[in-house]
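Below, subunit A partners subunit B and then partners subunit C, in two separate complexes.
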Partner chain A sequence: MADVKKHDTPQCDELKNGPWPSFVDDIEQKGLSGQQACLDLLGQLELSYTHKETHWKHGGIVGVFGYGGGVIGRYSDAPEKFPAVAHFHTIRVNQPASKFYSSAFLRKLCDMWDHRGSGMTNFHGSTGDMVLLGTTTDQLEPVFYDLTHQMEVDLGGSGSNLRTPSCCVGKARCEWSCLDTQAICYDLTQTYQDELHRPAFPYKFKFKVSGCPNDCVAAIARSCCSIIGTWKDDIRIDQAAVKAYIGGELKPNAGAHSDRDWGAFDIQKEVIDLCPTQCMWMEGDELKIDNRECTRCMHCINVMPEALRPGTDTGATILVGAKAPILEGAQMSTLAIPFIRMEPPFDEFKEFVDKIWDWWMEEGKNRERFGELIQRQSLQEFIRRAELKPIPQMVKEPRSNPYVFWSEDEVEGGWKRDIKEFRARHAA
Partner chain B sequence: MAVDMEELKQKILEFATKKAKHKSKMYIKDLYKADPNAKPREIKKAANQLVQEGKLEFFSSGSTTMYGVPGFGKSEEDQFGTLEE
Partner chain C sequence: MDLKEIREKLQEDWGDLPSFDITEVINKPYDPNLAEQLYDPKKPMANRVTDIGPPYFEQFFPEVIKKNYGKWKSHEIVEPGVIKYTSETGDVVYAVRCGSPRLITTDTIREICDIADKYCDGYVRWTTRNNIEFHVETEDQLRALMDDLKGRKFPGGSYKFPIGGTGACVTNIVHTQGWVHCHTPATDASGVVKAVMDDLFEYFGSHKLPAQVRIALACCLNMCGAVHCSDIAILGVHRKPPFVEDDRITGVCEIPLAVAACPLGAIKPATVELDGKKIKTVRVNEKRCMFCGNCYTMCPAMPLADMEGDGIAILVGGKISNRVSAPKFSKLVIPYIPNEPPRWPSTVKVIRKILETYASDARKYERVGEWAERIGWERFFEKCDIPFTDKSIDDYRLAYDTYHTTTQFKWSVHTDNL
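The block that comes next holds the complex of A and B.
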């Protein structure tokens, strides 16, 4: 059934004028097909642009039975004007590992959501889950039933819970993947069901899994615990393919930048000179790598994918404590474990997780992310509680986060000493 | 020593009800004070069981989850109104 536009939205309409598809177009189209909530949503957005403040009331007690996450209450503070969005709750749905869907699943999900909600979705924004936007309280349990019984998917994490773990495409489609990212993501999701669905922590906690140091899910920038695939042995070199790149038979970057003529491929300029640790050189027409110095930046492998490949002795590097806007700005995660085998049932990794969660649950302040706890209580304390061995790679800059401080029991005589005896030998 | 879950639940409920008279929403860390000898995981487990039993309720802002006692503070209907049929 076609509908008519309910509200004048000149400011929203401005957003349709750019060169890219606009969310305003999408929402309006959906509204004109009969979803009143979409039309009222645009009306409320227009009002927010006029007033330069939000008209959403945030939060509530809504949820589904047995779960303390996955549903976020949203209410309009102008329900008389926009009755179709008076109650407009968001539902987070746990995405399948690596986000593989069948079209049949997506059709079923959209049909269900057209029937029980606004029909609007947000797939894999910064939250990562499938997000179903806008429904009323009485529809929450029916939606939950349909999701779990008809579509065999679960709600995702929200609030002070473990958030839905996410992973890159991994070995399913990527030859660089050093990890079975999907197996890890699925195992963590199943193991930590209680933490995912029932609030346990001072704030949110995120696991993200990338198969190689290219880190396609940006685990190092966005997750409290980043699991990033790496290798222990040497980068595999196919010297014939190296020659083919130099000779121009193979296109660098697999032809990714071929929209412009960059001239002949120059291995010295485009690969060797750009190596951050300068661990590569040519000997005659052979490429050599000092693998001990490699920091896994992936540049050479990205440029010459047919010539260079990650090693075969694979595992993961574990880093902790990333957060997008931490007190002083974005914080990348800090190295915790340089190499760990990630093979089912991942016991060694889970023991590590238990230790850091125990620390955070005991010491974390309300709304303090794990990375902020490390910042506040020190890297040294993190190392102690995680029972790790300090290594130089944990230090970002020598004077800002050193991990070596003596504790009193490590110093002969402790902190107390006889000052007279000291002064007898050293003038003041 | 294993904690008596029923005893712990009772302590949490008493603590939360007392606190709710002044502040209707509390963080999980606030509930730790109900029994300083209990471990955070045990408190969390007991608090979640109380929610299942309807004696406590979750309040989620989307980013953080808090606990409340039903009947204290503004109810969902008071705050946001009911939808017309």
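The block that comes next holds the complex of A and C.
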């Protein structure tokens, strides 16, 4: 065994049991092979299991020269007990779009990280980066040089930067994708390298790209600018496959319900009646869709993937302003642009981004997310600044209060009036 | 557009970047001394390469993925964890999905590489929910790969690569760092996830549920994971107001930022006398504190972690997908469960109860939130045997939108004694 010190960790050790992959076992094995930081990490976690409180200190600003993000400082508050994790900084590395890798790339990353860090990672961070957990301040520049020179990969975003954009698997492996999600993700990441590395925003800003309304990267819940694929023409129907679903030759929902007997497939009950706009019906043994009434929820397509496919006149719906609750409460993205073509170099989309960033950088308060600015200054103000046309698709329903902020130029005759003329008509 | 057209178009703008083909560089063995030769702290700009972004994605696609980009026609989940995609060209690819604890070592990544090299021409992919996907093209390769994956275990007996996470299942729990690596958590992440997934393991590798159930964990209200739209959300919460370290605050905080950090205006500037000296600090109106922790994010001298105060809240009924109903937020149904390391039995138990009640009561395709809305929230609490408390009534921004303003309600245990 290598010359390492293992701490007594009975509570952590309990988590070696059970079928789900044990992070404790993984970390301990790595530690015993000679990586003291892994054993100290478990030792400190054991202490947290005893105290039911974290033992990581608050912050500490570290980074690489010229960048204002990508590295997050982290220090143990028990360094005398766990010296190998006394400094345990995080490095975010920009993942390739939709997270396909070659083993050659990953092995080299591992070689680098074993040499310069703890050997611990998050594959991946919530935003999508490859996250390298645990190194010391003096290793930050060498890690950065290794990444850029020996791996040709850059850091991801953190702090009040553009965060690393991410996307779903898209057309690489999904028949529903209406967008070249990787191309969009790659191009936006390269276009906005300066914003990604050098903080200039009031707070973080996130782009996420999903190829269809199933939204596998949760763009609508967690990105300031959600790019979600959609289509304008008709759902493509293969009537023979529809018959095959009805006849039971094809499994509904691609076999997603295979371990329970839900009875024979009933197209009326399982598809037509669940359609949120009731825009489908059977005519004889043919499925009909009134596509003008369809809101592209994907349910029928999800249930009968062999029979139904999205149309071919494709683009993106752009929604803005999603965020988790801190601070003003959770927000979902709000519809901004119902349809926009998304082909390189994405000029029309980038013009939109420029306009909303101008507004946010002018008016946003410190640590105010883009969605909170819309809340504070109104959707109308967003529409004006983004130079969009107000359309009913932007709201669930019209307002129910009558408190309209008319501007003077919208009112005939303006607001300058003569009280004497008024009183000439009305005695006081 | 096909992949070639996309690449050519993008190269018009980004062709000068190294990212389009990094094979040559990657194929050189790692040089542990190179960085020290290139980096000179006295001349920090020397040899510095910046703003190169990520490697171009296409070079990491398996051949069958490259060849069939944009041509996929349909898919079938042939068994839990295995999705077969069919292309217009007639090609097929099987994606085998495996769970992962996300917090993994380089040794595990190397093992993943070994598997990818043996069965998948050296390619592998991760999903948004931290699952690992291996791609093979024939049934023989598929069986060999799956047998291999099923046989790999950690010394303690847990599976290294459990197969599942497709269809009407509980897939991997998206989660945050917790006590493993975060400075603001109110609970652990990896330990809670391990405990919950051990308990729900049967649902990871099967298709028994009415629809997919997405569980997520965030270890504090910052919610680094998007738990606010999950079928079941596990959320770390604080319940004690922050300390104010008068003797430290001026050294480590900008007082105006600490004051501005509070969304409820509960923090005010103050001057106190300490060791005969007047110092500027802050005071917290504790009755107004909602324990969001934003002050601690801005000011290290206002910690609020506490072994008795901290714990877990459970929120349910959120969703992301636009399928049938619009995306929904998760709703708070249990305001507090104590932290119980290492196995968090109370949290595990209540999640199983919610999941099984849903599984036995919901209709096919119905997500947890759609089920709860159909039966009514009063019935949800009754069926899941969860006591309803005033903590589930909103009193923050836009709270009124959640109040019941109709005479239409259901009789339930909550009204039976009236």
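Keep this in mind: the second predicted complex is superposed on the first by the 387 of 428 C-alpha atoms of A that agree within 3 Å, B and C clash if a C-alpha of one lies under 4 Å from a C-alpha of the other, contacts with A are read in each partner's own complex, and residues count from 1 in each chain.
Please note the rule applied: a contact is a pair of C-beta atoms (placed from the backbone, for glycine too) under 8 Å apart; a residue touches a chain by one contact, two chains touch by 3 or more.
If you're wondering where the values come from, they're calculated on a predicted model, not measured in any experiment.
Taken together through their common subunit A, the two structures put subunit B and subunit C side by side without a clash. Contact with both subunit B and subunit C is seen for A:366 once the two complexes are overlaid on the shared chain. When both complexes are overlaid on chain A, the residue A:226 reaches neither subunit B nor subunit C.
Looking at the shared chain after the overlay, A:136 reaches subunit B, while subunit C stays out of its contact range. Residue contacts after overlaying the shared chain place A:11 against subunit C, while subunit B stays out of touching range.
Of the two partner chains placed around the shared chain by superposition, neither subunit B nor subunit C is touched by A:314.
In the superposed model, A:182 makes contact with subunit C only, not with subunit B. Among subunit B and subunit C, the chain that touches a larger number of residues in subunit A is C. By the document's definition of touching, of the two partners only subunit B reaches A:63; subunit C does not. Of the two partner chains, both subunit B and subunit C are touched by A:90.
When the shared chain is aligned, subunit C comes close enough to touch A:104, but subunit B does not. Closest contact between subunit B and subunit C, by C-alpha atoms in the overlaid model: 5 Å. Counting contacts as defined above, subunit A residues 57-59, 65-66, 90, 366-367 meet subunit B in one complex and subunit C in the other. Residue ranges on subunit B touching subunit A, taken from their complex, read 27-29, 40-41, 44, 48, 51-52, 57-65, 68, 76, 79-81, 83-84. Residues of subunit A touching subunit B in their complex: 57-63, 65-66, 68-69, 71-73, 75, 79, 83, 86-87, 90, 136-138, 158-161, 198-204, 358, 361-362, 364-367.
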